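You will see two complexes here that share chain A, one where it goes with chain B and one where it goes with chain C.
For the complex of A and B:
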């Protein structure tokens, strides 16, 4: 049934037949086919319709440069916007043409995607004659080589030609070259691998398609199958000392009226279908060209049995040797003629040539060749217009990047082979390798001909059917319109017309648009230039870019040592940076509000326990540690006694609060600094910055110990009983263990929850389970309640946590989460840096002048407190807001205005709500807010817009609960 | 993804580094002696040249050490990388 399949020839396996479905029609093909070649073998050109105009469209090229033959795969897995020309045929494939747009799968993609790194001396992009020559040259010299090529097999242009090398078929030479490369241990040769992005310092991303061509397990007729663990696609992250772009060239069409009909194809594409796939793209052929290369298509198709009715050569001077070949085959050559229009709707039926109508079913077009400079340009390489070639070529040498062969504008095979070797030798010299002597491959003599004519378009006819970007349905008329609207650069024309913005990123249309715009503007095309080439060279699925970094692996999840306990207890999570923290622990039937009210009441009425292990912890050691911290914190640290704790605020040089936390003095030369959970990394970096860049004379060493210490605040009036029970060696009385001090103790043996059989090496040299575990207790409070913070090596955290919970059982100990922690601290007006502050808030604004030393001659930020702006009386200050309606909840972020009515805009803003909660202790809602001159407004009523209404709220002292601090010591 | 050569670790990808702004802007020895304007100038004003620029970098996800570099703000090329205790190299 493959009516247009030749009985022999090509790279397909006729002994195996694949069945596939296209637009509902059951068809057959062979291994080695693309979907496009299999369709053409059945005489099917038309794939779908165009996106805006709904015009029938078909296959217009043989590889990724096709702007037209878009399809959607339905089976084995839905995938939109693929080119029929680049989909390898597999058995059971189901696809359909699309109206310029496909649809995404509505089920999750179960395929695997991954990524690998590779490092090379030389990366060669393209395994055509140029790239193979270059790779061989480098491999023989001993360089580490990576060779990538987007096609299913090496050879590039040679796969679709009849060229000969060293007296034999060129593909024999290709086979020998790839076999030789395979023998080098330091050569990585990847086919089906598209280099799609070229970045700084030899960094190239390439996409390897690993399994699609193997078909699905139920549809494989022998041969290799895809093992289920194998990733479908892989992104290679290649870092090369030198990158050689040998990506070849794309044939360029000529624009003329009705140039978009199915059956109009690039001449080189038809030649590829013939030689690589054994397919005649048509029976009645007309060739329209501006250069010699299309003559080969005319001659080869005629030899294969097609009727070639004319070669329409736009040049008056035709190449004698080629004309002679045509004459021998009875192919008329029309010199100096142009195609001015076409007929046919679903398929081309005739072309118009200077008033003459020539019936045909295939029109081959060649307007010359555009070097594939994309990857050179992406890395910042500039281009230069070569008037002789009528093309943009690399315009400069760049460090670590070279371009060779067709991509550099070299037209014929012998030149490409030599250029590949030359470029590799040039690169090797810079890399310290010595090229070895070896014979160069010899291509058969090139047929001399005539120079190409630069022809962007045929002006005759209706500009509205002269398609420049077929994928976007953008025409010469659209370019004229853009210019009429005042666009003068190609970048503007591109954005006005959308030319070059479709899936093919203007592979055929980009330079054409430059040429036509230049013509319409009456300026040289070289002056106008091209639009910027940006990655990706061909579309890449997000799934491939994501690789394995999806779901829970998208961003690392940090969990505390007690995580499993929280899970078992049914915790609802809050993400704090990368940490998973319990937000609250709902009991059956409880929502967040009910759970948090219960947890709050339990802590203030009895005892609660919080997993605070995520707090940042920095071990600060060295003879100058005290002086160092004294300079970084606003309050006095140097006077802190060993055994004591101090709350500290850290400001930027601009005086704005950047973090806060407690500081424990462990020894004269050693401190343990607690930071906020989110600020841990930034504070460590901040400390290192000052230490290294300003005070290198200070002998201080900083170490993050966040993960090493688990931290459990045990909070509430009954906390003393719990701590006293678990740590009987400690005198927990207020006199012996006062507020803001810490004590080291041990947790006796007889602990549970730990496996005694764990070898000592796996315990990192920690005490065996029958020994005592060191524990540090600190009397700090983030709630205003009596509280003991239990710190223990994370290794023992679970056991210690469970001991605390067991001991607290008779007091009704309640585990509580971050939400309750936030409510309790807000009732005491303890700010959360980053929630109640935003980088414009000083300690004074927070009402924490007490934490700013007046004695210290220097600390970071001190000078800024005296700036006029920081002295303003109307600075925003932290206050509490109490809604007059005790049940009304103010959404965080709400604006605060004077009221009681809304004035004409601009409305003077007084500030905003930073924190808002329901208080179990007060049996009402309350909020914290930053309000202009807030402290002078205490007792006043201001207004907050809530759900369209303006509600009155009273400005209050920030501490709304136990302002005397009576509960702190139990 | 540019490579930046940490003076202690060698070339590493730029994502491992954090930028630290203009180099050779020492914190004033006695901020209290500066006028508000002088202090504001120290806090908020930095050069923004087109071309070579001496900057601070930190190998944040590596050895955590700070260093200086002269980088071209047009080409992004690093012309010189030097330790904090080394003088700024001569640049054109």
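For the complex of A and C:
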């Protein structure tokens, strides 16, 4: 039963009835309703209780400015903290009122969320009369227009009024305007789309609610349903050459004692419920106003059958024409009077007006209108206090931004229509468009009236029940308290009282708080100003902001050319930056420890193969390439011979290690630089920065070839056999192919094979001729073993990898992952930049003074090595730690202290464990650590806390395996 | 000798069926094995003229554009950098030809394996792209002859407009990011795939 639903009128579809549940009550409504309008149709104002004081609270507005009305939706999908006034009713909706906080769903949200980028000459925010006029003006001039509006249909304030345009209902004009806009190919008109953030240079974020209003497939009574393939919400990222804010205005309440009861509502809201939803918000009405606009609500509600017991006008001078309309309807007008209090707990029952008690079930309030300047202010626009409006309006012109209509303080319809057109024409001129001649819409002449009175509050009564921010339960007493505590600016008052920090971001309370604080401080409001508006204008769900970047699309997973092989081989993955790298390849029944010990033993005892394709690779060429690299690496690169390889260390200007890797000299003017996997992009940027900003005179070109080349280290004493088999043209002997050299060779290619299943070029045509596939072999080793690094064009990577594995089969070739690679390199004390270093470690600290040139006059970082701090004897140095208990594993990150007991804090810290493994070769655990003056401590025993106990460990030379390097040449 | 012949593979080899299942309005096709070379020369110098002679077309100097002949496309990547692509030439031949033309007055690097190529076509192609690409794709702005280095989703791409109606593009993506981008495109197409 919809007791307060009028028999006709409104923009709801009465032919369809929806069932919904609110606070456990089963109710009905219609398509076109909001949850709030459907509740009011049942006479339900109260939605819940307030967050701190537990006072009953109800629907106080008709849209996003409502400071009450927070609800939790339970069906169709749990969602917290929505407003009853902005939730469109759907069949089966289940919701309940909440005191401030709701709950997130504990099941995954299966809805899709996405984003669209859009560009426009003119973005118009708001499809009310102002925005529609502006959009039409721009569209007719040929501009690319985006028009967004947060409501379910265009019209803005006209949806809740009886205004007329061009001699007919204003909404007929709205319908014609939207139809015309739909005919322009370059107009994007989005309803249910809230512009919530306005940033520099015409960048605006808007949230489109796309499917909720369609209902779910299980609750459909005909018509369309929410299609599961469509995104539920979409974030529009709009870049406009000009932004026109036509967001209208929010009605402002007046603060008085007990102004928070259910049944107290903004006057314009009640008018919207009447005209848009066909709902009487109450039967016995009192209107309290400081301006003319609320008279329309009194008159319209009386005409619709409500008993309007009084219009209480704070002004002594009342508007004659409006008073006459009231008199004709028998509505008494109390001039120069104030509402000083209310009665009722669950719902207002009476209003106190200067000693008079007027029974009612609805009190409508209007304290004037606040232009919706949020989006103008967000983008940096300053505001000016308008003493006539009692509100803040745009205070300056800004390039690329204009404000028109109600948002600029224009009060009546004719002015808004004209202002929209004026603003659009102004913008178009700057954008190079010529507005076309067309008739302007003409609004019905508005009723002449009286100027508004600026009234923030009625002082009578208890300040502790005079609510400024209803959602935060913040009162005039709280503002007085803030001022008493010494707060003198509105920003401080806001933070002290929390006024304006709730879901509504102070749409009703912000200006009131400024006005009341100014009054209490005895200062002008304009001087005190208002708080800064920040995005979002209305709340936005994180799911919408995340969009499609979730699950496997949250962060790109980079894969090598051999990825599918690793998958088939059952690799367990390690994420290295964005790369997926095989960490180890467990055999049935193996855990990581077993697999890694097996892989390590296989490499040191036979041969293993690693996919090292993730290493960064940079082609450096040009006449000054050698000089360039000489300046970036700590060691000498210029002397490197063509055909040779050198290990290099790169430092920052502070002398700290930032990357390392090998450098191949391909020609006198060409090098191939290998970086760490994680450092590839940063090193290329580092190189480009020096080249472009410091040394533009150097003739050097840098090109990333990370994915051009697949890189497969074939490692172990039997690697020579495998390489010799696969590349019979290459003399793999030590004499012909010594350590730290490279050789090019070729393998024959075959254009059939896998190609047959993949499409040819989209453009078809003649295939390229067959040719040999170049392969580059390099004798480098990250394990101390004899090793050949096979580099091949990634088109042929899979084929070459398979050939290496096949050829290695009879030598027991074992694919190994990053974990084994780490163990093997740690046994040789080869550092991992970023694991054994942390940005505070020099090459000397790593025991790599040999890699720092003493001859070069300059390289990046050189000067820093002379700083006193870099000379300290107690710098942390890389050493090995050997637990006395050979089976004891030191967790990485463990602290190193002197021991053997724990002294009183502060405990002197000697350093920490950077890498820790079990060594198959040594049949024991070992670790690398950065330890103060570590090299002088070699042979000493220090202690590491492990699982609550101090364990003794021996400080050792960092290279724990094959310190002589005897295995390098096989 | 067959045993000595090597087969080529591409990062999207296993995606063909998934691409084929896409609706007509969002057609994705992997076009692997396009030869590509990164070219660095002074656009005003004699090397640029010699390169133009080799390619049969002048190097484009307007930012974010490309030119093409029957066999090559030349994409502007920077004031002195171009990406030369060709599905008809072998990588080494393309690199060698350019290197001869440049003759030490710049740089040429074979980057055929660095990126892979995807075709994106159909009535919703622009919608799909605008779901993850910030540049203005309006056909009055981004049309045949335009090629932009930009982000698509969370990966860098070279986006090439093939027609004037915003219905046909090529996307060049780093090979390691190709499976991510393929997943991203399939996911984007969901919006245009009524169930």
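A few points about this structure:
By our rule, the second predicted complex is superposed on the first by the 927 of 970 C-alpha atoms of A that agree within 3 Å, B and C clash if a C-alpha of one lies under 4 Å from a C-alpha of the other, contacts with A are read in each partner's own complex, and residues count from 1 in each chain.
In the analysis below, a contact is a pair of C-beta atoms (placed from the backbone, for glycine too) under 8 Å apart; a residue touches a chain by one contact, two chains touch by 3 or more.
Small disclaimer: the values here were computed from a predicted structure and weren't measured.
Contacts of A:439 after superposition: neither chain B nor chain C is touched. Of the two partner chains placed by the overlay, only chain B lies in contact with A:653; chain C stays clear of it.
Look at A:948: by the touch rule set out above, it reaches neither chain B nor chain C. When the shared chain is aligned, chain C comes close enough to touch A:669, but chain B does not. The larger set of touched chain A residues comes from C, when the choice is between chain B and chain C. Contacts of A:908 after superposition: neither chain B nor chain C is touched. Using the contact criterion defined above for the overlaid structures, shared-chain residue A:863 touches chain B, although it does not reach chain C. Chain A residues in contact with chain B (one complex) as well as with chain C (other complex) are 239. Those residues of chain B that touch chain A in the complex are listed here as 1-3, 18, 20, 26-27, 31-32, 34, 36, 39-40, 43-44, 56, 58, 60, 64-66, 76, 84-85. Within the complex, the chain A residues that touch chain C are 112, 114-119, 144, 186, 227-231, 237, 239, 548-549, 552-553, 555-561, 563-564, 579, 614, 619, 621-623, 669, 701, 703-710, 747-755, 757-763, 765-769, 771, 773-774, 793-800, 803. Across the complex, chain B is touched by residues 199-201, 203, 239, 653-654, 684-685, 688-689, 692-694, 696, 857-858, 862-864, 866-868 of chain A.
On the chain C side of its complex with chain A, the touching residues are 1-2, 4-11, 13-14, 16, 29-35, 38, 40, 87-93, 104, 106-107, 109-115, 119, 127, 130-136, 138, 141, 153-155, 170, 174-177, 179-181, 183-184, 187-188, 190-195.
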